[in-house]
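One chain, chain A, links the two complexes that follow: it is found with chain B in the first and with chain C in the second.
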Partner chain A sequence: MEQFLFYTFAASILIAAVLTVTVRNVFHSALYLALSLFGVAAVFALLGSYFLAGLQILLYVGAVVVLSIFVISMTKHITGAGAAGTGRRAVPALLTVLASGALLTNAILRTDWGASFAYSYGAGTDAAAIGSHILSDFVIPFEAVSVLLLAALIGAITIIAKDGR
Partner chain B sequence: MLHLLEALLYNPGVPLAGLAAKARALWAARGLPSPVLDLVFQLAIAATVSGFITVNALFIIWFDRKISALMQLRKGPNRVGPFGLLQTLADTLKLLSKEDINPLRIDPLAFWLAPLLVFIPSFAVFLVIPFGNGLIAGDLNIGILYILAISGLSVIGILSAGWGSNNKYSLIGGLRSAAQMVSYEVPMMLAILPVVMLTGSMRMGAIVDAQAGYGWFAFMQPVAFVIFLIAGNAEVNRAPFDLPEAESELVAGFNTEYSAMKFSIFFLAEYTNLFLTSAIAASLFLGGWEGPLLPPVVWFFLKTYFVITLLCWARWTFPRIRVDQLMQFSWKYLLPIALLNLLVSAAAMKLL
Partner chain C sequence: MITLTHYLVLGAALFCVGLYGVMTRRNAIALLMSTELIFNAVNINMVAFSRFQEPGFAHGEMFAIFVIAVAAAESVLGLAIILAIYRSRQTVNSEEMKLMKW
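On to the complex of A and B.
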C-alpha cells in the first residue's frame, strides 16, 4: 500500500513538474506547480514527517504559488491563447539546468540514505526537534537566512518606492 | 440500551471504535483484505462528513437569515416548513435544477477546477475538528498547522475562479480575496501561537484537554481571541470583510459567472468555512467540548453556534470597509498587536 502510494505521488510530482514547464498557459503552469509541490508534501507525510509536510503546504503551495498566481493575474489577460515561446534564452537556460542538475545529483549521491531514513521515521523531524536544531546547531545559518530575507524585503520596498513616496 | 446511549453521548469515541472493530473483524473473517477495509471505513467517514456538512450548512444559512431578520426588524424566511426551516432546502433544490451556464471564452480547466479547489480544503479540515471526547476523525500531532496549511489552499481556488471566468469583475474579486486571505492569515497564525505555546502541542485533542476545568484560553489570551475572531471573519470573506463579492461594486466578485451546481458549491464552502472558523475558535479558546452536565457534543455545538452568532451579529451590524482600510487594518494594527501579544505571552510564560 505504502509503495503504491509512493509511486503514485512520485509520478504525479514528475508529471506535474514536466507540465509546469511545457504548457503554454501561464496560469495552468502555476496550477501544475501547485500540484507538484503538493505531491512533495504527500511524500513527506508518507515518510512520517508530518510537520515538514504541513510546512511544505503552508509555505510553498499556500504562499509561493498563491503569490505567483497573484502576479500572473496582474499580467495581460491571456486566457486560452498561449504565449509563444521564443527560444532566445535557450543556451543560458540549458546551462542553468545542467549546473543545478549536477549540484542536486552530487547531493543525492553523497547522502547516506539509510541514516536519514531512520532519522525521519523517529522523532527527528517533529516540530520540537527541528526547533531545537535550528536554534542550537544551525543558529548561524538560520540568522544569516533571516538577515538575507530582511535585506531582500528592504530592497523590494526601495525599488517600489523609487518615486520618493 | 440506555447504557449504550449514555456512552454514545458522553464518551462516543470508545463505543464507536468498538463498533468499528467488530465490523472489521466480521468482514475480515469473510476474507476481505485489510487495505480494502481501510478504504471502506475511510469512505464511510467521508460520507458521514459530507452529509453533516450539507445539513449543517442548510441550517446555518437559515440561522444567518433569521439573525439578519431579527436585526432588521423583519420576519425572515417563514413560509416553507416550520419557522421557514425548509427554505434553504427549497433554495438548494432550485439551484440544482437550474441550467449550468458556461460562458464563452472561459479557461475551462481553471473554471471547472475552482469550485472543487474551494470546497475540498474545507472538507479536509474536518479531519482534525474535535467534536467530542474522542470524537475526532484523525488527531494529527500537527493538528492546528494542518488546519492552517489546508485552509490556505482555498485561495488558489478563488484565484482560479476569478481568472477562469474571463470577466473583469471576477478577476478583481479573486485578486481582492487572495490579498485579503493572505494578509489576514498572518495575524491569525500569530494569534494561534500563544495557545500552542501554552499547550506545548499542536494536537487539537491536547489543546482541548489543556483547557479542562474552565481554564479557557479566551480568559488567558483575550487579545489573541479577539484577533482570531476578526481574522477568521476576514478569512471566510464575510461582512464587514466581504469585499471580494461586494455586490454594489463587483456584481458578485469571483462567483459572478457561476450558476447552478457550481455556484451552490461555492455557497456551501462559504458557510462550511464559517462553521469551521467558529468550531476552531470554540476548540482553541472556549474549551472545545469540555463542559458540565450536558454531553460533550452538545457543548461543542453550543459554543460553536455562540461564535457563529457573534460573527453573524458583526456581519449584520458593520458596514463594508474599503480595500485600503482592509489592508491597513491587517498590517498596521492587527499584526503589531498580535506580535506584541505573542512577545508578552512568551515573556510571561518564561518569568511565571
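On to the complex of A and C.
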C-alpha cells in the first residue's frame, strides 16, 4: 500500500514538474506547479508530518501559486515566443541536468546511510512537538524569520508603491 | 518497502527538473516558479532525513518550515521586483533585463 502511494505521488510530482518547466503557456505552468506542490504535500503526509502537509498546501498552493497567477495576469506575453525553453538553450541545459542528476543519484546510492530506523507509517510527529521546538531550541531563528517576513512586507510595498506617494 | 533512498532520489529528480527550468525559461515569473520546485526538493529531503534518521524528533521538519517561510518572502520580493520592472520596461523576459549586464 505504501509503495503504491509513494510511486503514485512521486509520478504525479515529477510529471507535473516536467510540465511546469516545459509547457509554453505560463498560466498553465502555474497550474501544473500547484499540482506538483499538492503532490509534495501528499509525500509529507506519507512521511507522517501532517502539520507540514497542511502548511505546504496553505502557504505554497494557497499563497505562492495564487500570487504568481496574480502577477502573470497583470503582465502581458503569457504565451508566444520566448515563453518556454527553445532549442538553442534546451540541449546544453538538458546535458547539465542529466549530468548533475547522475552525480546526485550515484552519490545517494553509494552512501551508507547507517542504521535507518524502520519507522512505521501512520506514526508521525504532531503539531505540539513542532510548536515546542519553535518556542524552545529554535526560538532565535523563529524571531529572525519574523523580522525577515516584516522586512519582506515593507520591501514589497516600497518597491511597488508609486514614487513620491 | 520504501526506504530513505527512494525519497532522496525523488528529491534529486525534482531538483534536476527545477534546475532545467531555471536554465531554459525566459519568463521571469516562470524562473521563480522553477526555484519553488528546487525548494520543494530540498524540503522532501529534510523531512525524509528527519523521519528515517531521527524518528520521534522534528528537527528536519523545523528546517523545512524555515525553508518555506524564507521561500515565501523570496517569492513576494521577486514578484514585486518583476512587477516594478514590467512597469518601467514593459517586459518580463529575463533576456531583455540587461540594463546592468556588461
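Here, the second predicted complex is superposed on the first by the 117 of 165 C-alpha atoms of A that agree within 3 Å, B and C clash if a C-alpha of one lies under 4 Å from a C-alpha of the other, contacts with A are read in each partner's own complex, and residues count from 1 in each chain.
FYI, a contact is a pair of C-beta atoms (placed from the backbone, for glycine too) under 8 Å apart; a residue touches a chain by one contact, two chains touch by 3 or more.
Owing to the predicted nature of the structure, the values given are computational and were not obtained by experimental measurement.
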Given the touch rule stated above, what does A:S73 touch, chain B (first), chain C (second), both, or neither? first
Quick check for you: in the superposed arrangement, does A:A63 touch first (chain B), second (chain C), both or neither? both
Quick one: is A:R89 in contact with chain B, with chain C, with both, or with neither? Answer first, second, both or neither. second
For A:I154 in the superposed arrangement: first (chain B), second (chain C), both or neither? neither
So in the superposed three-chain picture, is A:V18 touching just chain B, just chain C, both, or none of them (first/second/both/neither)? second
Quick check for you: in the superposed arrangement, does A:M1 touch first (chain B), second (chain C), both or neither? first
Which partner does A:L55 contact after superposing on A: first (chain B), second (chain C), both, neither? both
Where does A:L33 make contact in the superposed view: on chain B (first), on chain C (second), on both, or on neither? second
Any idea whether chain B or chain C touches more of chain A? C
Which residues would you name on chain A as touching chain B in one complex and chain C in the other? 51, 55, 63, 67, 72, 74, 77
Okay, in this complex, where on chain B does chain A touch? 35, 105-107, 109-110, 113, 140-142, 145-146, 148-150, 152-153, 155-156, 159-160, 162-164, 166, 171, 174-175, 178-179, 182, 185, 202
State the interface residues of chain A toward chain B in the complex, per the touch definition above. 1, 25, 27-28, 31, 34, 50-51, 53-55, 57-58, 61-63, 65-67, 69-70, 72-74, 77, 79-80, 126-127
Partner chain C, residues of chain A touching it in the complex: 2-3, 6, 10, 13-14, 17-18, 20-21, 26, 29-30, 33, 36-37, 40, 43-44, 47-49, 51-52, 55-56, 59-60, 63-64, 67-68, 71-72, 74-77, 82-86, 89-90, 92-94, 96-98, 100-101, 104-105, 108-109, 113-114, 116-117, 119, 124-125, 129-130, 133-134, 138, 141, 145, 148-149, 151-153, 155-156, 159-160
Sort out for me which residues of chain C touch chain A in the complex. 1-10, 12-21, 23-27, 29-30, 32-34, 36-37, 40, 43-44, 47-48, 50-53, 55-59, 61-62, 64-66, 68-77, 79-84, 86, 90-93, 95
